[in-house]
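The two complexes that follow have chain A in common; it is paired with chain B in the first and with chain C in the second.
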Partner chain A sequence: MQVKAFVSGTLESGDVIITLKTSDHVSVTIQSAVQSLYGDLIRKTVDDTLAENKVRNVEVFVNDNGARDFVIRARLLAALEKKRRGDSE
Partner chain B sequence: MEEYLKSLKTQNEFHCMEELLKRQNLSVPENTDTSFGIFKGDNMIACGSRRGDILQGIAVSDDRRNENLSAKIVTALIRDSADYGLSTLYLFTKPENQLIFNELGFHTITEANPYAAFMEYGISESKKFSEKLREISANKPSDATAIVMNANPFTYGHRYLVEQASNNCSWVYLLAVEEDASFFPFSARYELMLKGTQDLRNVSVIPSGRYVVSKLTFPSYFTPDSLLTRVQAAIDAEVFADLIAPSLKVSTRYLGTEPYSQTTAIYNEEVTSRLSRKGITVKVLERKKTDDGNYISASAVRANIESGNLHRIKEMVPESTYQYILLNNKNIKKERTCK
Partner chain C sequence: MSKIRRILMFIPGNSPAMINNAPIIDADTIVFDLEDSVALEDKADARFLVKETLLHFEVPGKDVAVRINGISTDFWMEDLRAIVPCRPAFIQLPKTERGEDLLKVIDLIEKIEKKEGIPVGTVQVCPIIETALGIENAFQIAMTKTERLAALALGAEDLIADISGIRSNESLEIMYARQRLVNAARAAGISPSDTAFINVDDDEWLVKDCKLSRSLGFDGRAIISPRQVKLARSMYLPSKKEIDYAKAVIDAIHDAKRRGRGAITLNGKMVDEPIVKRARAVLQSIEESERMVQDE
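Let's look at the complex of A and B:
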């Protein structure tokens, strides 16, 4: 089986771009222009969103460029939705 | 005038890209899978391409710097790559341009100054690779030795190199070049390395992954060209020093000589000077000869397979390699002619 990759977002300032792929566990990597100030908050947003949606099988790369909390959440949900559709193809 | 981003299709669009790259003194990537350009009217103001999982030829017109056009191009490339199942991307750039890509979320795997920086984007495969090596080396001694081997196929020459290392070192990691660009497929080369060293209790054979003498780090390995060879050797050495050696607790690397190959000579010279600078001892071993004074080489073995002189191979390879060749002789030759 080919491991598919799903992307949501852009590299524009104030946005975030998220890459995810199916895995046998959850792992999250955060890369952010504001890592030292908000790295923990971004991670919490991502972890919470994954938990709320009972996602247990993705590797996530979050490349943040100063996005607001709800933007990160929306981009992650969009990527998860793409994955859901991709997985059922 | 309207500005728009598009995937390049027509000859004219590719021509615009070539012109833009040439104005920036960048080489034009070949055999690309996908290219994007941003146009203002008929003028291209930014471009970028992908070949496999390597991004190439990302450029922005001089008069349009600091407008984040590279972010638009790279966004398009990342999104397009996902459609091809790619969650990790790589690129090589001039060391002084790293910051531009850093700001786009790339991280540097290694720098081979003054030639290039090797960078990664996305779900980090290089980090996973070094974690895997760390697991392998967890219960093994430090101050170990590494040998990178294509072994195409495994000969007494390879055996000699491994034996010398095995006798003199606490532990030996044999990194089997994983890329399938050789006469013998990886599965066979790996198996024959295992069989050919199984009596040596301090030797581990490990698949090299993508970061050892692969097209990724060393595209010219199979096509000699002196400067390209040096650049690729430089990157290969730095990746070894930064990514592989620390994970395997390796402090020494053994290199074999290749008496008839200028490429290998340049490669060894570059690797030796760079590893020494990073505190890794390099031992270069003279190639073993057969009893009648000829150097043992895998290429001689292959030549004898091609010409059907199997009896000449016997004194050059261990029994396990010899048996494999006898058993697979027909298939090996057939695959060869098909190519």
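Let's look at the complex of A and C:
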């Protein structure tokens, strides 16, 4: 059975695409041109946002194109809302 | 009288790159847009992005507002529930056609303000009039909860489609709408704000259109391209000639008072109360503009 994916964001500069899949645990995979500089900060933003929203059952794929913290947070929250509503892509 | 806003710069609510540029745009008001610049499938993404922008991204020295989706859509209530707790200066309500449209929106804003512990009245509303019915009801709309209104704005593109007009640089097709909206706004004591000029590379007609707009009584206008901002802003500020004349009028009034004279003339022309009133308005608008520059 195919696992549903919930997506938010674009590939534009300054943006990020967040893809969520339901899982039995949390995992975060980050792909970013600035990973060596900002990978830890991106990871912290994702972890904090998941923790604040008490999410413990998603795989998160982050395809970053230089997004600021608030953009990553917004895209993750939008993807979580789509997951909650079952609005997959 | 509501605050004078000369440049309302619209930024698509789903574009982080454009949002990142907001602090360096020389507008007095930034309007993050959830309506026409956002595709239907991106409405939720844009709503979250604008919400997080309001909460975590500083736009110093400018008011920040949000254009929500209209009340005929499925989105406006969700827009308000997400945005009002972030306390934008005002909400822009597109396609406002009746006072009742406005009341529905203000009612929900007030409920959210109370729930969030925000003083009632904090988040103002700017109705955008952009249909034939809206234009005919402009005064009724302007008199609905006037104390909540940040301005009364015109949206020409939808209006022209609604009246089956043909868009032209001269804008004769919206002359009636512009005049009716200005009159309604002024009669209600709120600021009239003009429509965007959508030919973003045509500076010559932008200047002509701003001159016309200002002469009709608009305080400012919507802007959709950062490259239009500087030119448009300068067109809505009083010219040096207007400022000099306004100062001369006020000086003449003070001088006449000192001498105990009633009627006065300046450069051979009678100076009566409406002229003094206009002179004071010119000087006040300059003071406001200077205060804004200092704040920045």
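The rule we apply is simple: the second predicted complex is superposed on the first by the 84 of 89 C-alpha atoms of A that agree within 3 Å, B and C clash if a C-alpha of one lies under 4 Å from a C-alpha of the other, contacts with A are read in each partner's own complex, and residues count from 1 in each chain.
One rule holds in what follows: a residue touches a chain if its C-beta (ideal position, glycine included) is under 8 Å from a C-beta of that chain, and two chains touch if they have at least 3 such contacts.
Fair warning: this is a prediction, and the values are worked out from it, not measured in the lab.
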item: Side-by-side fit of chain B and chain C on chain A, or clash; value: fit
item: Cα-centre angle that chain B and chain C span when viewed from chain A, reported as a multiple of 10 degrees; value: 130
item: Chain B versus chain C as contact partner of A:F6, first or second or both or neither; value: first
item: Contacts of A:G14 with chain B and chain C, given as first, second, both or neither; value: second
item: Touched partner set for A:E81, first chain B, second chain C, both or neither; value: second
item: Partner chain(s) touched by A:D69 [first = chain B, second = chain C, both, neither]; value: second
item: Least Cα gap, in Å, left between chain B and chain C after the two complexes are fitted on chain A; value: 10
item: Chain A residues contacted in one complex by chain B, in the other by chain C; value: 10, 12-13
item: Chain A to chain B touching residues, read off their complex; value: 2-7, 10-13, 17, 19-21, 29, 31, 33, 59-61, 63, 65
item: Sites on chain A touched by chain C in the complex; value: 8-10, 12-15, 67-71, 73-75, 77-78, 81-82, 87
item: Contact footprint of chain A on chain B as seen in their complex; value: 68, 71-72, 74-75, 78-79, 81-82, 85-87, 103-105, 107, 121-124
item: Residues on chain C engaged by chain A in the complex (per definition of touch); value: 14-17, 20, 44-45, 47-49, 51-53, 55-57
